[in-house]
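For reference, the structures are reproduced in the following blocks.
Next, two complexes with chain A in common: one pairs it with chain B, the other with chain C.
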Partner chain A sequence: MMFKKITRNIKSFFSKVNWSTRNVYLTVKRAIGGVFRKFWSIVTQEEKRIERNRMKLDFVLKYLNLDGKDIDIQLDLDIAEIRKDLVEKKKALSVTYKKDKNQSVLNELNTVSRVIKYLPDDNRTINRKGDRKVETNKFIKAMIYLSPALILLAVFTFWPIINTLRLLIYVGYTESDGSIQGYTIFGNFIKVISQRGFIRPSAGTFSSALINTLLMAFISVPISIVVALLIAAGLNSIKGLKGFFQTIFFLPYVTNTIAIALVFKFMFNENFGLINTMLGWIGIDKVNWLSTNANYWAVMGVMVIYSVWDSLAFKIMVFLSAIQGIDKQYYQAADIDATPKSKVFRKITVPLISPMIFYIMVTSIIGALKVYSSVITLINEAGEIRGATYKMKTIVMYIYEYLNTRAPGNLSLAAASSVVLFGIILLFTLVQMQASKKRVHY
Partner chain B sequence: MGAIMEKKYLNRWKLTDKFVLAADAIAVILYLAFFIKAFIDIPIPTKEELVDVNFIFNGFQMSILAIFAMIATPLLVIDSKTHFNKVEYEIDAWYGGNTFVKGLISLLLLNPVSAILRFYNTHNVLKFATGHSYIEAIKNMGRWFKQKLEAFKNRKNSPDHEGEATDEEVRLRKKIRTQTIGIAGKSILLYGLIGIAAAFVFLPFYWMILTALKTFEETQSTNPSFFVALKDMQWVNFKYVLNEMDFGLYIYNTLLVGVISTLGTVVTTVFAAFAFSRIDFKGRDTLFSILLMTMMIPGELYIITNFVTVAQFGWISSAGNKVFLAMIIPFMTSVFYIFFLRQTFKQIPNSLYQAAQVDGCSDFKYLVRVMLPIAGPTVFTITILSVIGSWNAFIWPRLMASMLPNNNESFYLISVALNKASFMDPEGMRLMYNLQIAASALVTIPLLIVFLALRKYIIRGVGRSGIKG
Partner chain C sequence: MEIVLNRLTKVFVAKNKQETRAVDNLNIVIPSGKLVGLLGPSGCGKTTTLFMIAGLHKPTAGRILFGTEDVTKLTADKRGIGLVFQNYALYPHMTVRQNIMFPLENLKVEYEEAVARVTEMAKLVGIEDQLDKKPSELSGGQQQRVAIARALVKKPRVLLLDEPLSNLDARLRLQTREEIKRIQRETGITTIFVTHDQEEAMSISDEIVVMEKGVVQQKDEPQQVYYNPTNLFVAKFLGSPAINVTRGEIKDNKLYFGGKFFVNKKAKDGLYDVGMRPENFKVAETGSKVDVTDVDIIGRDTIIRFNLGDQQVRALVDSETVEDIKEIKLTIKDEKILLFDIETGKVVLDSKKER
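Take a look at the complex of A and B:
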């Protein structure tokens, strides 16, 4: 009892405090608001404005011979009609005045124009103005909400796009003092494309940055898609331990590229690595994966294995949710016909999620074209294997190489190579958009 | 059957379970505290000591504590979920057995308090579900075994036995048996394949943790071992990496940059998504599609200009301390998150907005009071993804650090440090893989913990995205 009483007292005390604080708050708010309103009316000379408007209205009413009558001009008169009449009258008067320059006609003309000017807005105009005001208010409100994001995007997204176009036409641009040596249209592109090692293979080898990147993308993406599909289908068909396996398969999703690539580099070490030890169990000699004089395809193999491992988690997640979204009726029908599992997979599962597979394939290829961090960790900054004739460079590596060597004009070359990369990505995106329009499953 | 389902025992179970949870929580905290205490107490080694074959580090205590924490934490999480979700009719004799086994686990984890409480709770559960306690349960189990044994002994006399069945029955039975074996074989094959794939996926993580706990000599072995004994676990590697190689500082830098840029991202994207989803202003769709188009452009194109821009803003000064601004501010917004949030906001019915407007609720109030609580999980997803993204950020922070004129090492973020730091042995001849991989593990393990804890929210973001965490 005692406890209840005390709590009630405390509660009532706080509610009183709350109530009085709220009163004080509202009073202060009202007072401040009033002061601001007063101040605003002084600044805008509101009283004078009202007075002027009244005088204008009186003038109009006097001209229309409605002076002193108790009418509401907005409601009782058709202002649009009156305005039309007055405009016609004004035209007639001006014609008359041009004919014989009469002073009284001029006065009349002036009066009519003033009346037209002072005539209040008709309803349609008022509506239109109101709509415009609402529209403007909405726009201002939206801009207030958008401004933090838009300012940042303008500085760090839109300006770079414009600046890239600007850089493309400069020759020998130095970013520290902004000096340039001339202009060109395709010069930077030609320089980038014709350089050995970017698109053309370098001397004595078939590899170039473009070929390396495309090979990595077109080998690793199909493998990872097939593996991910099989695992997703397997995960979908088991019951026990499903959550456990899901968790393990999803683990690589959030990993740090540099850290895991370092682990892979150690695992693929020629002498101390896990992979060579495991190959030793089945009687395969030590493979020189990444060390001096390593074979091109060995290095490519490590890249492919890394990127398959890295992208598997995401693909399994997407495919698993896609498979779970398939209507169960198809599987029940297959069950009744006693269709074998492999046929169900080939004829039902894959065709039904084929749009998803295609979408993932294109986005993964786009992602694989931008490979950079893993390559520089697995090999080195320059993508060079000691003693090898080829260089395992990627397209993005070229861009950063131009950025890091601060010679005049290199920024333009970096811009040109990034635009080349964008062009390739755009190509794949367009293919994807064209294909997704058709939406053919079978 | 008269005495079963007594409410009394249910209430006792509930109360005791609360104490069990509390005891488990205290135990987990103690394990972690002792682990951290032991870690702090490790004398900071030199590189020469780490390379030395005769250098001995006994990691038994820390390994035991780490394993205890690794077992006890998930148990605690599962138990608290069970405690709050368990329904009366789910409590049966099996649940009693479950509790008993958990009590044994608690005993193994040197936690006698929760073990005793769990044994007492087993009694409560048994009383509630079956009306009798331990002794009767053990007797029942004995009876069950006896019955099975009898049935096995008398299998020749049982009516199911093939000897007394007709030929047709025998044939059918054989067929059923082969079918069962086939199904079992198939499922074993399926589990085997999935298990192999899972091992392939998990192997790098296992190898990372293993290598991080090995000595230098062991990493230089051409025949690497797959296990490390508890007392040989070299926790000292982590100590060296954190203290001597300044990874503590790098983690602090990364968290600073990550937290601030995430806060900024959440604020800007929530406002922008609100404007795009609720305010019907002129040019909205045009602006939005322009924003979406920028998502297609590779990030390298932005970097080319942005590193000049941040230099012009004066963020790359010789003192260097403004360089964090250059790492934070360009990443304070994200078109993808705006898109993601807008989709969620659009699902909230517009009638709520109209009702709020009729009641004179301002837009900001509506956003904070109505929309954010409804879209809370999505905002949380964005927060996690953004934090993970800045934890993994590499290219831009590296460029920023490399642009500083001097002393740029104290402004590294964690990925940059992993890339740049030298893990050579004192003679500069051989790479100290154990230290390098320990640093990698230091970067990866927090991510794994975050992923395991918040898996639901992270996977929610995947369906809509074509990008990696």
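Take a look at the complex of A and C:
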């Protein structure tokens, strides 16, 4: 009622203004209404059609006293596809029958042809024009469903990517007034690559942002995968307190990274940290982990231990659920064949969850190549250890530094270095996909 | 090698402390070199029994003997059994060859010998040309054979099959049935298999063990079980179309249904559940005229539905013997009529046949 009243008011308002405005109103209204009605009918009619066909099919199957076992029918298939399958089956059966005149084959052949006869109408009865219409309708429907994600992606992913590419060709771009001093193709890349500290090591040291990041990634990821696999296998085989241990191992995942990193900083304190105290118990001298003049490998060690521990929770969870998804009968079969536990793990558990291991490996390497927050919290924003010649910077920190110092042209350098990072990630992912072809069993 | 199950019992305790007696005081002897079918409806404890023989389930009470050796306490790997799972449990990431060879690797068999044995097994089950394929590339029947080859390759003392044919389509089922029988004959291995399909059990087993609610109902040769069931459950479970069971009365060696005389039957006077298999009825001039409700002529056979007392029963007779559909006279031989006690459901034997 309320709605009608409002529309009447609007109508009466427009009837008072001149005709041309009124025409515009009517056209717009018809267009909007039409679009809505169209969408609505697509959504409802399509579903009704499918439902109707399914009901018919159910009826046919019941009528023929088939429970879907004697002939292979999958109910969730399109009816046109079922018909196609059945016709193929019929052909195959008639060929076999011609060969050996088997009574049971003949019976099956008769059943199949009967089912084909009673199958409900499918898309075949709609003419070509109708077919195309259904296709377009499906596309529109898909777009409606996808639109929220597409809009967000467009704003936060596609547009920034286009902007990154735009920035690459600018020389001396200033953010505040948008002025540029010229164009270049590889200039920004050359500048970034030749600069000391990014790919080339800085003076007096072998470390650079790239080397630091790669070391962290390729030491910590394999260790964490192996450890997570072993813990997951262990968790799967214990019986009591399973939930308790799962909670413990999952806690790091729901804890703030910065908070964990701060705890690590205290644990690795040279004088009163827990780690050095514990090392003292077994007679090892205090190690200078993160303080002034700390050794590069000591710092790297802390970073690796931190990354492994931090990423463990998620990996354990994924592996555990993958292991729990393995059919118990594989283990029973292995048990009957007297397979040792270690072999069961290597030859059955690991291969059967290899898709998950591969997925975790690729995503973890990508994540590790983008490492950032842990270094900042454990060391500092510049990645500098007091008194040391090297810097524990990562690639993302490097990019961030360009973005943060507002000199002209720095945005282009940030864009160039992020493209380099993208290239590195792409390269390693492709290598992994190639290497995994023989080892991952889907 | 003979397998003896002595007072075997398995009780499952659910989380709410509720106890289920899956197998209850089972006493059976499975003769050496025979193919024995454990038959029963789902949930009757047949797979549990099989898994206890395999060593995958631990019995709550009772003993399992292989020959004279007590294996009750032995783990699955030490019992020397081969088990074929219902869904085969072939390792999907290994080739057929690797799958069959897997048990041999654990037994530390020399590589050359292992290869020879794998080839021999593959030939036995007829998959020698499929050895380098993955299980997913094989048909259901071929997967089944790979599973049998994997179970047999380590030369087990006993072969156990869990619902071996349930995942196959009708045509393949017939073929695989023959195949299992042939493999068993060729190897002479004591074989136990589990099934819920009475036709399957009847067609391939040397002996059938019919189970219900964890208790053995009858154990005998297939034909014996069919013709001489010990109780109503066994009679109803075997045979297709199913046996007719009607309440009837015997008076002076005559069988009456709802007060009407049907045929002669020598037995003590009293009320019984009368079991008559549809195919045992004969059309005969000497028979009683029956109250026919429906007649289906299906080629060679004719199904006659008629009322006996207040129940409808079916008779399966030769089409040629039926001349006039309106006037059908049926009879059944005395010894083909099974009488069951109304309360216990046990078969009532006349004095001559008493064992």
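One rule holds for everything that comes next: the second predicted complex is superposed on the first by the 272 of 442 C-alpha atoms of A that agree within 3 Å, B and C clash if a C-alpha of one lies under 4 Å from a C-alpha of the other, contacts with A are read in each partner's own complex, and residues count from 1 in each chain.
Rule of thumb we're sticking to: a contact is a pair of C-beta atoms (placed from the backbone, for glycine too) under 8 Å apart; a residue touches a chain by one contact, two chains touch by 3 or more.
Note that the structure is predicted; figures quoted are calculated from it, not measured.
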| item | value |
| --- | --- |
| Touching partner for A:R200 - first (chain B), second (chain C), both, neither | neither |
| Touching partner for A:K191 - first (chain B), second (chain C), both, neither | neither |
| Touching partner for A:L152 - first (chain B), second (chain C), both, neither | first |
| Which superposed partner A:D335 touches (first chain B, second chain C, both, neither) | second |
| First, second, both or neither for A:A259, with chain B first and chain C second | first |
| Touched partner set for A:R83, first chain B, second chain C, both or neither | neither |
| First (chain B), second (chain C), both or neither touched by A:R114 | neither |
| Chain B versus chain C, judged by how many residues of chain A each one touches | B |
| Partner chain in contact with A:E175 - chain B first, chain C second, else both or neither | first |
| Chain A residues within the chain C interface of the complex | 69-70, 72, 104-105, 108, 327, 329-330, 332-340, 343, 347-348, 351-352, 354, 441 |
| Chain B-touching residues of chain A, taken from the complex the two chains share | 135, 138-139, 141-143, 145-146, 148-150, 152-153, 155-161, 163-164, 167, 175, 227, 231, 234-235, 237-238, 241, 245, 247-260, 262-264, 266-267, 269, 271-274, 277, 309-314, 317-318, 321, 363, 367, 370, 372-373, 376-377, 396, 399-400, 403-404, 411, 414-415, 418-419, 421-422, 425-426, 429 |
| Residue ranges of chain C touching chain A (in the complex, touch as defined) | 54-56, 75-78, 81-83, 85, 87, 89, 91-93, 102-103, 105-107, 150, 154, 169-171, 174 |
| Chain A-facing residues of chain B, complex | 187, 190-191, 193-194, 197-198, 200-205, 207-208, 211, 219-224, 267-269, 271-272, 274-276, 279-282, 284, 291, 294, 296-309, 329-330, 332-333, 335, 338, 363, 388, 391-392, 394-395, 399, 402, 414-415, 418-419, 433, 436-437, 439-441, 443-444, 447-448, 450-452, 455, 458-459, 462-463, 466-469 |
